[in-house]
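Each of the next two complexes has subunit A plus one more chain, namely subunit B in the first and subunit C in the second.
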Partner chain A sequence: MSSSDLAGGIDEDLSLPKATVTKLVNEMLPDDISCAKETRDLLIDCCVEFIHLVSSEANEVCEKDSRKTIGPEHVITALQRLGFEDYIAEVRDSWDEHKESQKEREKRGKRMEKTGMTDEEMARAQEEMFAQARLRMQQSSQPNQ
Partner chain B sequence: MQKKYRTKFPVARIKKIMQLDEDVGKVAQATPVLISKALELFMQALIDESVAQTRAAGGKRVHAGHMKQAILHHRPV
Partner chain C sequence: MAENDDNGDGESGAATAGDARDLTTTVFPHARIRKIIRADPDVNIISADAVFVVAKAAELFLEKLSWVAYETANGERRRTVQYRDLVAAVESVDEYFFLEDILPSNPKYVGKEGGGARKGKNATD
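And then the complex of A and B:
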């Protein structure tokens, strides 16, 4: 009877994964300071609240823009309006990075060229791997005979 | 400079949390990526200010009360 079995069933406690947050918190804390479990749970609540705050503001910006889809630029305006303008430069950087990685993915889908190897180099590498595999097979079959 | 934290928030989860709000409709694919980064910065700020409270109290472990103090003492710009 778990609600997560139902497609589209809204989980009341849909939150951020504890393990991920714990890892991230430990990366963010100074080496000599640790964090109580209770603090981490409180932090998760704050994070979820932050997501709601920013997306709600972004949604308003989006509606004023008469768009149906909340886009990245709406998030940036929302951060500005909420007083988080300090975050904008870094957020833009991660947007650029994301665009870059999407482009890379497209290229990779089309061709294998992005390995940085020429066709001959790839053929040679393949030949080498075959040779190694052959050698391994010979070595492993010898003791048996 | 991006390699500061190795751990990332799951983007799909962030999108789901965003859409718990019934007013939030369609979300572009890149949008949760930006929210995720903003969240990371928010989390770091909250941790930094809480750690300052922990140190002021002479402690080595951040307790919920330290975070509460950090939030109460935060001066919005």
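And then the complex of A and C:
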């Protein structure tokens, strides 16, 4: 945790990972184009400012909605109010897919619980299945008589 | 804006990189985004889903801003995206008005400090 710069109020942790941003930007730009390091740092600053802008606006939307917790719909309304309507479709799609994948994960978890087996029993059952599969593979690699 | 629309989705240029994009996750760490949001004392509690949506929007924002900046560089036949391209982007897109304070339009202001009202960050990377 970098606390060396707290005097000015800018904490390193309130920024975005440089490697991630670099990768994102490079993927966006054509291969023969590069971004100066200082420019990349500025992009990070802009992005952080954007986050503040959107969350502040979302906060207002939330309060008008008489809710205590900012929810995704508040953020989406905020995006619209700030002029970023063209983000909304993709953001919504993302959110939908995210919800789906979370549901899947929960379902899988519940299925595991339903078998009534302990972790050890499940591990043993899995080993059994692997051993059987291995046997089948060895048998199938032998010439058929 | 659709002149490089290779895949016909209405977006230009390297938007094709988005085709294979995993929509279920964000590239930015969830906890970091939450921290940034919470740094504003006026902001209420925010749900995890809302943090996700903000993170996704931030991804898009970053991509689009870099692209607009690139278009300026490209227009001037340069291969490196520079500070002034960001300034040009901010001046050309209405929604980016909020960035005017971070990017003073004085073209001489280039360097590690990076921002007008903000304390400069060292590029420790």
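Here, the second predicted complex is superposed on the first by the 98 of 145 C-alpha atoms of A that agree within 3 Å, B and C clash if a C-alpha of one lies under 4 Å from a C-alpha of the other, contacts with A are read in each partner's own complex, and residues count from 1 in each chain.
The definition used in the following text is that contacts are C-beta pairs under 8 Å (C-beta built on N, C-alpha and C of every residue); 3 or more make two chains touch, one makes a residue touch a chain.
On a predicted model such as this, the values are computed, not experimentally measured, just so you know.
With both complexes overlaid on chain A, does A:K18 touch subunit B (first), subunit C (second), both or neither?
Only subunit C; A:K18 stays clear of subunit B.
Given the touch rule stated above, what does A:E27 touch, subunit B (first), subunit C (second), both, or neither?
both
With both structures superposed, pick whichever of subunit B and subunit C touches the larger number of subunit A residues.
C
Touch check for A:Q132: first (subunit B), second (subunit C), both, or neither?
In the superposition, A:Q132 contacts neither subunit B nor subunit C.
Which partner does A:T39 reach: the first (subunit B), the second (subunit C), both, or neither?
both
Where on subunit A do the contacts with subunit B and the contacts with subunit C coincide?
Correct list for subunit A: 10, 14-17, 20, 23-25, 27-30, 32-36, 38-39, 42-43, 46-48, 50-52, 54-56, 58-59, 68-72, 74-76, 79, 83-84, 87, 90-91, 93-95, 97-99.
What part of subunit C is in contact with subunit A in the complex they form?
Per the stated touch rule, the residues are 13-14, 17-18, 23-29, 32-33, 35-37, 39-40, 42-47, 49-50, 52-54, 56-63, 65-67, 69-70, 73-74, 79-83, 85-86, 94-95, 98-99, 102-103, 110-112, 114-115, 118-119, 121, 123, 125.
Under the stated contact criterion, what part of subunit A meets subunit C in this complex?
The touching residues are 5, 8-10, 12-21, 23-25, 27-30, 32-39, 41-43, 45-56, 58-59, 62-63, 68-72, 74-76, 79, 82-84, 87, 90-91, 93-95, 97-101.
Contact residues on subunit B for subunit A in the complex?
Of all residues in subunit B, those touching subunit A are 2, 5-10, 13-14, 16-18, 20-21, 23-28, 30-31, 33-44, 46-47, 50-51, 54-55, 60-64, 66-67, 76-77.
Show me the residue ranges of subunit A that touch subunit B in the complex, using the header's touch definition.
Touching subunit B from subunit A are residues 10, 14-17, 20, 23-25, 27-30, 32-36, 38-39, 42-43, 46-48, 50-52, 54-56, 58-59, 68-72, 74-76, 79, 83-84, 86-87, 90-91, 93-95, 97-99.
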